[in-house]
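Below is the structure I would like to discuss, written out as structure tokens.
Which chain is which? They are A, B, C, D, E and F, in the order written, and residues in each are numbered from 1.
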Amino acid sequence: MNYLPEEDLVLVPGGTLLTDTPEEGRALAMLMARHTIHNIQPDLDILMCGRRIYSVDPDSLMFASQVVAIEFQTIAAANNYWRDCYY
Amino acid sequence: MNYLPEEDLVLVPGGTLLTDTPEEGRALAMLMARHTIHNIQPDLDILMCGRRIYSVDPDSLMFASQVVAIEFQTIAAANNYWRDCYY
Amino acid sequence: MNYLPEEDLVLVPGGTLLTDTPEEGRALAMLMARHTIHNIQPDLDILMCGRRIYSVDPDSLMFASQVVAIEFQTIAAANNYWRDCYY
Amino acid sequence: MNYLPEEDLVLVPGGTLLTDTPEEGRALAMLMARHTIHNIQPDLDILMCGRRIYSVDPDSLMFASQVVAIEFQTIAAANNYWRDCYY
Amino acid sequence: MNYLPEEDLVLVPGGTLLTDTPEEGRALAMLMARHTIHNIQPDLDILMCGRRIYSVDPDSLMFASQVVAIEFQTIAAANNYWRDCYY
Amino acid sequence: MNYLPEEDLVLVPGGTLLTDTPEEGRALAMLMARHTIHNIQPDLDILMCGRRIYSVDPDSLMFASQVVAIEFQTIAAANNYWRDCYY
């Protein structure tokens, strides 16, 4: 078994939901989604194998996107939608 | 492998959730949904191949629509539902 | 290919989430859900074909209903749940 | 074809999201979920046929429950969770 | 046919979303999810049969958990997340 | 049958949605998701068996992640997104 390093198992990388920009919030959403999966399945070999399957299957990509969209809802609300952030 | 250009990988195109109109907010929801997928699968050839499959499968179209609906919830809330916007 | 007319591609028909009644809000939710699909698949022949499949499949009908339910959450919030609207 | 009567096609039966009790709100959630499906598939014979399939399939029952849960979120929020309602 | 007793068909058991503790709120979420299904399929024999199938299928268990999670969102919001409740 | 111990059946472990950090909130989300499943299927042998299936299936991992994302939305809102928490 090829365990993921400890840092890939942190559930909320960075320890906060607050980010400076929407782009960073979105990246955090993707990272949190990935790290949930790491915690359920911490064997890198199985993950890489799974990636080869789901990354070419349109429905799997939709399911992944849905998770990211839900995580982002939380992060966007946490940041008050970055309304006060100037661009 | 036929990599997507950098601009198709931006997670929040435009860098903000704020838009002038609901129509633009909805277009952003669709774009953000697409760019999530680009980040998981950045090979244009595989994406085009997947498109040929999911775009003719009613359930896949529903799954895609669900992602767009969730992204739009976030964007609509960010814009306070464009309540103060005159038409 | 049998392209949909331009008006079936508008993402937020009417250009606003605000409606006079819950019934109209619900109709907008259904319309927005449909127009998302139109934008992903604008060929009317393929859509009609897909309709013949999903409209007789209970699970597909559930998936479609779920999208409508999510869209309606956004529209209902936008209208403050039509609380001030008299019936 | 055996069309549903007009009243089964009303999207928000009663024309309002406001109900006196949580029980009534929940019944409305179920009704709204059903009427969405009626509007996509208004042929009673096909619906009855579909019911025979999904009502014995655990996953289909879960998908149906999920739609009801989402509709109820909207209705419960509309009614301020019936917090001021005495029992 | 082996009909469920009337009490298993109540949509909001207890008639309110307000509970004293998160634990009770969570139990209500599970109960409401179950009673939705009872109302769609009130035959106990079919339900027991379905249970034998879905309770050993990981994906079905996920779908069931998702419904509970959505119901709990509503109940938790109704109770203001039990923030004022001392433990 | 190999029943889970009582503590694995508690629906809201710790009895509160309030946590000190996002990381702890996320861990609670995962735990609550697991305990829902424990309450539907309390036989450890069947659960271990199911784990061997879903933990190597990309779509199952997505469905599990989706449940965690929804639970986390509730917990994050309960904690006001840990905005006042210093890191």
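In the analysis below, a contact is a pair of C-beta atoms (placed from the backbone, for glycine too) under 8 Å apart; a residue touches a chain by one contact, two chains touch by 3 or more.
Predicted model, so just to flag it, every value in this text is computed and none were measured.
Common neighbours of chain C and chain F, by the contact definition above: there are none. Steps from chain B to chain E, minimised over paths through touching chains, total 3. Although chain E and chain F share one sequence, what matters here is the overlap of their interface residues, and that overlap falls short of half of the numbers used. The most distant chain from chain F is C, comparing centres defined as mean Cα coordinates. When chain A is laid over chain F using CA atoms, the rotation angle comes to 60 degrees (nearest 5). Measuring from the averaged C-alpha position of chain B to that of chain F gives a distance of 29 Å. Centre to centre, using the average C-alpha position, chain A and chain B are separated by 17 Å. Across the assembly, chain B contributes residues 57, 59, 63-64, 66, 70, 73, 77 that each touch 2 or more other chains. Contact topology of the protein chains: cyclic, one closed ring where each chain has exactly two touching partners. Per the touch definition, chain E reaches chain F in the complex via residues 21-23, 25-27, 30, 55-59, 61-66, 68-70, 72-73, 76-77, 81-83, 85, 87.
Per the touch definition, chain C reaches chain B in the complex via residues 10-12, 15-18, 32-33, 36-37, 39-41, 46, 49-51, 53-54, 57, 59-60, 63-64, 66-67, 70-71, 73-74, 77-78.
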